[in-house]
Structures are given as structure tokens and as C-alpha cells.
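The following block contains the structure, expressed as C-alpha cells.
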Amino acid sequence: MDFTRSGVSRFPDRDLGVPRYRCEVGVPLAEQKELGHNRWHPDIPPLHELGPGDEVILEAPGYDDYQLKDVDDEQDIRDFDLTRTHPIAGPVKVDGAEPGDLLVVDVLDVQPLSGIGYSNILPGMGGPLASWFPRGYKTVWDLHGLFATSRQIPGVEIPAISHPGVIGVAPSHDLLRVWNEREDPFIDQGLAAPRSTATSTAVLRTLEGAEWERVAATAARTVPPRENGGNLDIKNLSRGSRVYFPVFVEGALFSTGDFHFSEGDGEITWNAIEMDGIGWFRFNVIKGGMARYGIRTPMLRPSPVDPNLGTRYLSFSGLSARGGDQKYLDATAAAVDAVEQAIEYLGKFGYTPEQAYTIISVAPCEMHVGGIVDIPNAAVTLKVPLDIFDKDILPS
Amino acid sequence: MDFTRSGVSRFPDRDLGVPRYRCEVGVPLAEQKELGHNRWHPDIPPLHELGPGDEVILEAPGYDDYQLKDVDDEQDIRDFDLTRTHPIAGPVKVDGAEPGDLLVVDVLDVQPLSGIGYSNILPGMGGPLASWFPRGYKTVWDLHGLFATSRQIPGVEIPAISHPGVIGVAPSHDLLRVWNEREDPFIDQGLAAPRSTATSTAVLRTLEGAEWERVAATAARTVPPRENGGNLDIKNLSRGSRVYFPVFVEGALFSTGDFHFSEGDGEITWNAIEMDGIGWFRFNVIKGGMARYGIRTPMLRPSPVDPNLGTRYLSFSGLSARGGDQKYLDATAAAVDAVEQAIEYLGKFGYTPEQAYTIISVAPCEMHVGGIVDIPNAAVTLKVPLDIFDKDILPS
Amino acid sequence: MDFTRSGVSRFPDRDLGVPRYRCEVGVPLAEQKELGHNRWHPDIPPLHELGPGDEVILEAPGYDDYQLKDVDDEQDIRDFDLTRTHPIAGPVKVDGAEPGDLLVVDVLDVQPLSGIGYSNILPGMGGPLASWFPRGYKTVWDLHGLFATSRQIPGVEIPAISHPGVIGVAPSHDLLRVWNEREDPFIDQGLAAPRSTATSTAVLRTLEGAEWERVAATAARTVPPRENGGNLDIKNLSRGSRVYFPVFVEGALFSTGDFHFSEGDGEITWNAIEMDGIGWFRFNVIKGGMARYGIRTPMLRPSPVDPNLGTRYLSFSGLSARGGDQKYLDATAAAVDAVEQAIEYLGKFGYTPEQAYTIISVAPCEMHVGGIVDIPNAAVTLKVPLDIFDKDILPS
Amino acid sequence: MDFTRSGVSRFPDRDLGVPRYRCEVGVPLAEQKELGHNRWHPDIPPLHELGPGDEVILEAPGYDDYQLKDVDDEQDIRDFDLTRTHPIAGPVKVDGAEPGDLLVVDVLDVQPLSGIGYSNILPGMGGPLASWFPRGYKTVWDLHGLFATSRQIPGVEIPAISHPGVIGVAPSHDLLRVWNEREDPFIDQGLAAPRSTATSTAVLRTLEGAEWERVAATAARTVPPRENGGNLDIKNLSRGSRVYFPVFVEGALFSTGDFHFSEGDGEITWNAIEMDGIGWFRFNVIKGGMARYGIRTPMLRPSPVDPNLGTRYLSFSGLSARGGDQKYLDATAAAVDAVEQAIEYLGKFGYTPEQAYTIISVAPCEMHVGGIVDIPNAAVTLKVPLDIFDKDILPS
């Protein structure tokens, strides 16, 4: 795709005229702060203002804020500063959007910016799986048009289902307060990303001085998905999809970033094929839509063009019981069980645990909730696509 | 499908010769106990013995064991005896299958038997949602070839993805002991189906007297899915799919039943469109497959002919946080949140909560694990198919 | 599928009550002529009458009228009497349907009757390819639920997209006259199926004597598709699809038969996997629909459940020029060119020309018109599904 | 997509290093003739040379060579000089490719260049339909990421299946002679594009003077598809597909252009959504592949990411007989019949014949050869996607 038409007066009689906000490749967000922010807060000043039916093109660094390097040395994943995630572009203020409305966002396109992708296992990250690979693992991807390949994982070629990992609207002050109150206890237990220690790396667009301090002190980290969307990590929120966001503040204040070239359901390593990217969006508003449709979180219509892999999956079953260990209807445990079996299985075909774990996290795998009612066991199925491998991985 | 060719000597020169075990419609399993059993135990005598490459056709009552009636009165769901679920046909002994092998089962066909389906909300059932509809709700479906319609839920037509809800192999004595040990504490807490009170309704094929008593005392209920498969409730384990089961006993001892005309991921009400049915299966063995492939639970290749609904879904996002309530990476809670929003949404289009809840449980909905690593929130997406409704349910 | 519920009063409180007309397996249509006919004519007396919204189940012999035998000897294909094709069930009279309306037919189900399929190359048949295999070739298929396999073509397993090959409504007397006038010259040239020599084998339901003679003399053969539908041979007119037929006579007079287990676009050998079968249909009427929608021939909405083979095809390009031979925008010639190359290609993987030709005709191949405007060449692509083969047929 | 990484030394340690040949937007090929050519001939000097496994990015003007203007005035389509089509980029010489080999081309990406698309009905063009719209009709498309919209056809939004319309390898001198001999009689009858009058506009890369005159005199026009590929107009030859070309000359000499944003099977108006574009290709060679696989024309593996529209089509049936007019197994006539009915049908929903005809030609319609053996009638089905319309176009 070439966006150069925008702003270029090549055809004097007409100009598509889509505004585009550029990200300078390799430059951390803090140094191009006109572009965006890395915390959620209603008081971050808008980057752009537009009306219903209008479009905008937004670029953003990857989730790593250009901390990762395309070198084999893994010092970067050991030094990784998590508090710099996620650098997102925006906010875009949509005229006429008011609290209680739905903001309709058409994801018209998502494309790579620099053409490099990263899928790292960061030491100590990954929720319930954090302990699996304490030393971490680094994967660098070449993005060749529709496909990604990596020198770290030979024999695998992954088709794009590119999407923004983070996409959302600003919370209201009230909603922000609710978030902080419910998450603070988890921060205290080390189970959520701390806000306090993260203040120094907060980028809040053009805010400075006292205003920056005030906002940074209460702004929400971008790690968890919440009612505003945010780090939804929905792999099928891809080019061509439509999202309906609840609106919590005047103008909705839409922001996005954390672009993914491809991701599996669950994003189990905490990484997709992460990339700096370009997103193209169109906005509309449904007045009073939250009450009219009873929506509290974003709602999605998938795109017509995600990979159609037909029947070409191998599906693993995970349970919330294993050996003598029994958990009660715990779908998270069942998901982890399926992932473990898939890692073991792929190992039989020559993939190291780190490679297999990465594949499961970044390829277009599907992870379905099989059952959460058949007491006491929950079941989750993990479908691994067969055609990303250059050899046959079916049992024989 | 017509199976009459089997056993009929119409073409004297050749006979497909697939054995077929018939279920007498309307007759409880206890009265046709040649057919099968309703507990898992390695000592239940085989119904049939065959070799690799062979096929068999098995019929079975629905999960309700013909307790449900096609009448509007709801006394049947109030009187429902859960200990009679699931009446399953078998076991089929596969020559040459030994512990450590994989049993390869091709699901060649699944079809309705009597042509009636049930999708009830049983009072007090439904795992985390058990309290939602204490009075229960009854839905009866007419199965017209590929489609199901119900007088209780007008304007909805559901395409078949027919599959056996329960499909599995016998546990070894050791595995059975592990199951009982890990589940007993949950039974004590009322969180799992009690074995002890269920003894009287145990059907164990032809076992009688002391032998029946011995086996019934330790046999496992069929409610939860386990390492042997069992109540997997995988909606895409449909006609045309292939399943790889770990083998725990000599001959594998395969059984199946609890046929579903259609089901959504999660089977959230604890009911699919339940039916008595006919299944057609082909068997093969991969020697030493458990160790060779690192498999502990069943593995699946989906069928090439499930409904291809393309992009025609509306997807709801569930989170493990809601208002001030915060749960830690709890995918089950996130699933419940998505279900609640979908019920509320469908209510705006005229469906009662009971109807909406039933639709979500029985239509080919997809429930994906969006994320279980973005601390502290898990996210689950629930995709509801648009084309089952006779009106447009998109926001406008 | 089991249709035994119909007409069986098992549940005294309710009966689905779908009438079913049975075909006696192995008995030619002439001996069970209550069932149907094998010519198109408006004066054939109805088999059944029903109203809008009603359903009926119709069985019919295969297109061969039980001439083919499940033996390896090929005498049957040499003795084949083409004038007995196609034995179809009906007509069904739909109350309220009048000339100018559209008859809406839902194909609720299509299933095999006896479980045997045939895909023969009849000596001298096959339109532009009639000369390729003058001795013919016989293939017999076992229908195992969703899949067909044949002892003549080992290593191939074909998933069902079952459909009626012949499905249509009666022509008016005027339309019948138009057909005869435009086809007679081709009959004279030997390019269409002769009506005159075929009179003696005409089956016209219950007609006898002078009435039979009058109708047989002008009735149309069922071979070509026409404005009334008839031998449409549309592979995706499968279970779950909806067809809109123009209505030419009072009551529409719907008939069907020539059931196919599976077929490729083009049905290039003149045979699908042909079978005797069972069809289940629901009828509705759109008053004045022909003029309202400008329809002269049947219109179709495909089913949601045909095989979804994703990207798993190998596609051959056919042109209307080959070597020094140049035809002008001739899509038929381009189709033949693609078929020839596919036969040659499959030969490299061990399939004889007869086997390859049969596979292309009966597997779910797609044959697309690539271009008919790029003077002087037409182009047609033939997509052969990869997953029907038990080996990899991609180039390497 | 952003290709700026290529040739840019941003990451000093590694450079994807894909060479890219740029097309200057708005400048006719004759003025940037380093880039390519608009005739097929083996003696056109290569633009680029590479080895197996290598990639290249090629840009090219649209098929109109920048004759069309984004203005409402239609003078441009009346003045259109057809002899300037198609300006294609190349040739690329692949080391090691020799006559008799197969050239394997991976279409890694196809994207718009300037972001404008055209779908004109050129006066007098369109093969069998040339007489339908003698005055022509002009449609201009805005390409918004995945979707195209046009001010001339409101209420329609078309998803991309972008592909090169022209893609091929050079003919040998012998093959070129065969082409000219078989096509010359059609030129004489006015049924093919004349070579002689077209000489003056021939662009042959850097050739000049006597060499230009020699080559131009015998070079083949690019209009028809031929054994070398060329103007294949296969809509599914899209980003992510793999093509196998027969090789006729040393180095294969690959060229491409005539990019399409979207196209329907048949490209019935002679126009897709035509655009200037960017293609990204990877090359490999199968030695001796033509004989090994019996291939005479290009063979294709479709991409995993074309639109998956599921069942959402309305399908029209075309026959080679209409009223009293009867053609013998003429699939071209049947295709035209289906197109006529679809135009009439869409007219009932408010689309003018010109709009409807354009939609059928450029939307992802499928045109299947239904039957070419049921004497005397050929049948073709035309499937029109429902979801490109902003209203429901089903009959009701």
C-alpha cells in the first residue's frame, strides 16, 4: 500500500485527503511525543479532530518502543523496560461522540512500517506461564508482503492477519477511578503492572510539568484490556473489521498502536509478531448506542479476508485436571494444559520448546472454550494450523 | 442417510457389511442394556469387537435417556434424574490396540434418530451460571434435514454441526483411581456429580449382581471430560472429523453417545440441541503413539464440512473485571461476562433471557480465548452467527 | 438421517408429519410408476399436492434407473439405455403457484438411499470429450457417511456435497413447443438426445394408453438443463441451499431426482458420483416474482455447509488456443484444455487417464470462467482439491 | 504496506535488501522505459537479474498507461488508445531457468500505488458483449485500504483481492511464431487486436532504432492470455498465491503489470478495478518441470487470504439456449445469458445497466462452468456476492 496520495496534489481536481500522522522509525515515543501516549487518561490532548464518516491514518512504534534490536544478541530482552509499553498514536477526537454513544471504527487497513517483526519471550512475562522460560527467547521476523519468516524458526511461514493489539477510547475520570481501585490490590500482590514505579516513563503527548505530573499519577497502564478496549489482542480485529466502542468521554478520544503482523488466540507468550505499523481508520457514531444495545465492552464484526485455512488444523484438548491435580472449571488452566501438549507434540517434529511456544503464540492458532459447565472440568481446545509448516506434522 | 444396506443382501455379490447396533426409540438404556452403559469403567464387557480399518454404526438415546417429552409442560425438566446421563453405546473393542497406542477414530457420520431435539436449561445446572435461571427453561427442536427450528424460539434456524457430545475410551484401573481421588473432594463440596448416590442408576451393559455392584461402586460419572475424552462437547468433532485417543486398556474400549445436532463453544447452558442419534465410525491404531507424539488427551482434525459462515458473526468481548469486581486472569469469568452481554444485546431484539441464553449455547457460536496473559485481565470473545436469525441483528 | 419419524405416531402428542414417497431399491421406475416420470411435460398428473410452507420427502432411483450393477464386469455400461434417464420423483403441485410466480424450494436434505455410487464414463458420451474413451470406464463407490471411496480409484476419498442433479418444474405447453423447435435441428444432426426413438421408454407416472401416447410424443427429454431447471448439475445446489424457480404452469409441478453424492463443476464425464437418494424439500411462493426480479432461469442461494477446502487446490489454466489451433473466445474449448492438462498432470502421480478424468468429474473441483473478453482467447481455470488424495500431489 | 525498508540502511546490521523498481505516477511507460515494455518478445533486454530464492519489487502503471483521468468527463474513454496496453514491468531474468523448466513465482504482495482505481466500459470493447454499451461508461474508485468505493456506484463497497492481471514469461521465437500464425486470421476478421497498426506505440524497454523496429514488427500484443500466462486475469492469483510458469527461454524473463484491486471471474466488461500498483515476487525453479508434470500453461495455488464470503452469494444460471435461440454446448453464450439476467435483476434494486454490468465485472463474483456435456445446452452459474451491497438484495 502506498499512502502518498494523501496530502499530495497529484490530481489537482480531487484529493482523497486522508490525514496521516507519521512515526519516525527507530525513535522512541518520548522523542516524538506529538504522536501519542502510553497511558490511558481522559485529559491527554487530542492529536486530531474529525467528524463522522472521516478517516485518518495513524502510525506507531511497536509495543517495544524501539527497544528491541535486529541482532542475535539477547541483551535487549533482558534490559527490556516494560513501563514504556505501549506507545500508541492519538487521541483522535470524534465530533459529536458523547458518553453513552457507540463509536463505530472501521479498520480499513493495517500494514507494517519498517518491515521487521519481533516475537520475544520476555523473562518473567506470560501470566500463568511466566515461569516456563526464565531466560527468555528472541525471535526476529522478516515480513515479506503477506508472509513472515524468521531465521530463528526455519521451516515456518506465517500469513498475515494484521491488527492493532491496542485499540480503544479514553476512560472517563470515574471509570479510571474504578480501574485503579480494582487493580491496586493486584499490584500490591505483584499480579498487575505497577502504576507508581511507571510514572517516570509516562508519555502523555504534549503534556508537561505539573499537568504531566497530575495526569501521570493516575493514568492507567495499557497492559490489560478493559471496558474501553485497549490491549484487546483480538487476532481477528484485522484489516476489514468493524469495532463498536462504548464512549466514555466527549469526543471518544480514540487511540491505537501495538500493531501485530499475526497472533494466535491467547497470545500465550505475551507476544504476537510485534511490529511498528500503519493503521487506517474510519469513524462513525451511534447515538445512545450503549443503552440501546446493552454494550459495556467493545463489540466486533470480523473482516471478510482473514486466512481461510478450512479444515487444516490439528486441535489439542486441554483440561483443568491433570494427573492428580484438579482445578474447578478453570478455563485458564485448561488453556495452559492444551499449550503444554502442543509444545510437547511439536517437539517430536524438531521444534525446541521455545520455538514451539512462540509458534503457538504468533501463528493464526485458534483457542476455543470447549466447556466451562461440565463439573468439575473445564476444557479448552487449541487449534494449530498445519499449513504454516513446510513439512507434514500430522500423526502417521 | 440410510443404513439399510448393511445386513441387507440386496446386491448378492457384495455387501458393505457395516454392523449396526440399534437403539429402540423411547426406551431407557436400562431396558436395552445390551446396547451400552452410563459410567466409565474398564470392566464393562464389549458390545462389539473389530479390527483396524473396520467400521461400526452405533445408535444411542439422547443424554436425557428419554426422560424429556415433546410437550409444553415442564414437569420433565423439574423431575430430571441427572444420574441417568449419559447413556452411551459400546464399548467397541479394537483388536491390537494396547495401552500407550493412539486409537484413530474417523467420525464418518452423525445423524438424528427420532428427529426431535431438546435444549433445556435444567434448574440448578450450568456451572458458574447455575443461579441464573433457577426455574429452568424448555426448548424443543424440529430437525428438518440440515436445519433445526423450535416453536419456543421463533425466527431462528440453526444449521447442523452434528457430533457426539460423549466420545471416548475406557480408563485403566489406575487412571480411574486417579480420577476418583482428585474429584472426590469436589463431590464433597457439592462441586461435582456425586458417584455414591448415583450407584442405583448405573447401567453397565450386561453386568449383573455382584459384578455390577463392584463396578458401579467405583465407575466414573460421565459428566466431566477427562484424559479418555468422554464428555468433550467439542462442537467441531463433527461428521468428517478424525480423533486420536490415548489408549489406556487392551482393546481401547470405545464408547459414544450424547449426540448433538448443534452446539456452541462452551455449551454454556449445559445443553446443546440434544438428540438421540446414529454415529458411524472407522477405527485405526497408531502403535506407541502416546509417547511418540507426547499426547495425554484426545487430539482432533476438524471436518471439511462444518458451516462456513465467513465473516457473518457479531463478537462480544468478555473480561475478568467488571465494575469494581476484579478477578485475576480468570478466563471462565471472562467467558461469563461475554455471555451476559450477548444475552442483554439479544434482548434488545426481542429475545427473552432464556431464549438468548439457549441460542448462545446451541447455535454455532465460537468462544475464543482472547488473552490470558495481560495481567490482571483475561479476555474471551463470543462470536454469535448472524445468519441464524431471520432479521438483521447488527447495530444500525 | 432417519426419516422414520414421519408417518410414525410414536409421540402421540405431535407428529412432524412430513409425507414421504419411497423408492423401492433395485426396481426400475417403469415398475413403480406411481413414483414419477422421466420426461418433462405439463400434463403428467401430480404425485402430491401441498401448500406454501409445507415439506415433502422424495426418493428416486439414480440416473441409471438401476441399470448399473455393482460388479466388475462392464457389460452394463455397454448396454446402457440412455432413454431411461432420468427417473425423477414427482410432480409436486404447490397450491397457489401460478405462471409468473417464483417457486422457492429449500433443499433441506439430500442423502444416499442404497449407499452405492456410480461414476461411469459411458461409451460415446461426454459432449466435446465423447471421443476420448470410446470403450468407457466403470467406477463404483462405497458411500461411508460423509465420504466416498472406490476400489477402482484407490487412495482417493471424496467428501459429500450431495445434491439433486435434476430439479425443476414443468414447462408450459408453449415453452415445451419452444424447446422442441429449437432442439429438433440438433437431434437431426445427432447433437442432442432424440425424442422420437425414446418414446417407448417414457414413464409418465400413471398415464396409460392414448393419453400416454399423446404426452410421450411431445414430452421433452431430461438431458439438457433448460429454463425450468431440470438437469442443472449445479454441484452447490446441495443440502441447505435455496432455489428460486420460475413457474410456468398452475401449481408449478416440481420434480427431482438424479441424485449426486458429489460432483465437480462441469461434470465433465457426464457422470457425478451418481446414486439413488432421498431428498427433503420445503416450498414457498413469491407472487409475480418472475417479472418483479427479471428472472428467466432458476436462481440459487448456496448452502452454508459445503466443504470448505480453503486454499487447498491446484488450479490448471485452459485456453481456447493450443499449438497452432485457435478458437475465438470459446470457453468450452478452454475448459477442455484445462481438463486435458489436469489428466496429464495426475498421470504423473500414477492415475490412469480414465481414473483422472473420473476424479475431475466427481470430486469437488471448481471450474471458473477466467476470461471471455480478451480476444481471441477464452480462459478457464480448473481447480482440483488437494485433500482428496492420500498423497501430496503438489510439484516439488 | 511500506517498502521503504528496501534499499534504506536504517538498521545497519541487516538489510532485507529487496530491489525495487519504481514507477513514476502519471508518467506513461514510453517516458520511463527503463521500467518495462508493452509487447511480448524474447529479445527485450532484462530489467533485473536474480537467482533462485531471490525477491524483487516491481511497480507498474495501470493497464491504461495513465490515459484515464479522475474527472467526470468521459472524453478519456472515447479517446482511449488500446495499443498502449498493457504497460508491464520487467523482464526479470532468473539465473538457471531454462526452456522446459517451471518457474515458481510467489506473489508475496500486491498493493495500490496511487490509490485510484478505474473500471470503465470502453466503447466497443468486451468481446461477445461489445455491442451492449456503445457509448461506454466510466467508474472511478477510491481505494481505502481493504475496500473500494466509487461515487458512480453508491452503496457498494468491494473488498480487495488484488492481483496482477498480466503476469508471464517471455515466449521463445518459435512460440511467438505460432502465436502470430494462429492469431493473424482473427486480426484480419477484426476479431483480435491488430499487431501492425500497433507498432508505433510499442515500448520495448531500452530498445531503439533498427533493433526496436525488428522486435516491434513481430512482438505479440498483450491482450490475450497465452501459454506464457500474460493477461490471465485470474482473480485468485492474488497476494499469497504461487504460480508455476512453463519456461520457454533462457532466464525465463518474467514480467508483470495490469494490477487489479478486485475483479470478478470473467472480467466481463474487459475491466477490473484497474490500478497502478506494486507487486512483490519471489522466484524459484523446478528443473525439467514441464515434462515432469505435463504442464503447457501456468498452474496456480490460490492464496490463503482471499475474501471468505461463505454462503453469501446469489447465483444466476445461464444457458446456451434462450427463447427460440439454441447454441450447441456454448459455455460463452451461457455465461453471457447469466450476466444478462444478473443485470436485469440488479436493475430491480435501482442499479442502471452500466452500474450492474460494472459490478459484475469487478466485484468478487464467481462464474462457474456448470455443465458442458448435457447436449445441447451448456450451463454457467454466476455468483454475485451479497455483502458488497449496503442493502439486502435477496428476493423477499
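In order of appearance the chains are A, B, C and D, and numbering begins at 1 in each one.
One rule holds in what follows: contacts are C-beta pairs under 8 Å (C-beta built on N, C-alpha and C of every residue); 3 or more make two chains touch, one makes a residue touch a chain.
Here the structure is a predicted model, which is why all the values come from computation and not from measurement.
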item	value
Of all other chains, the one whose Cα centre sits farthest from chain D	B
Counterpart interface for A-B, drawn from C-D, A-C or B-C and sharing over half of its contact pairs	C-D
Rounded Å distance between chain C and chain D, as computed from the means of their C-alpha atoms	34
Centre-of-Cα separation between chain D and chain A, whole angstrom	37
Cα-centroid distance, chain B relative to chain D, in whole angstrom	50
Interface hub residues of chain D, defined as touching at least two other chains	240, 303-304, 308-311, 387
Contact set on chain D toward chain C in their complex	102, 104, 125-129, 178, 181-183, 185-186, 191-193, 223-227, 229, 231-234, 236, 240, 244, 265-270, 286, 289, 292-304, 310-311, 313-319, 321-326, 328-332, 335-337, 341, 344-345, 347-348, 366-381, 383, 394-396
Footprint of chain B on chain D - complex, ascending	308-312, 387, 392
Footprint of chain D on chain A - complex, ascending	1-5, 10-11, 13-14, 16, 18, 25-26, 55, 69-71, 107-109, 111-116, 142, 144-147, 159-160, 239-240, 278, 280, 282, 303-309, 387
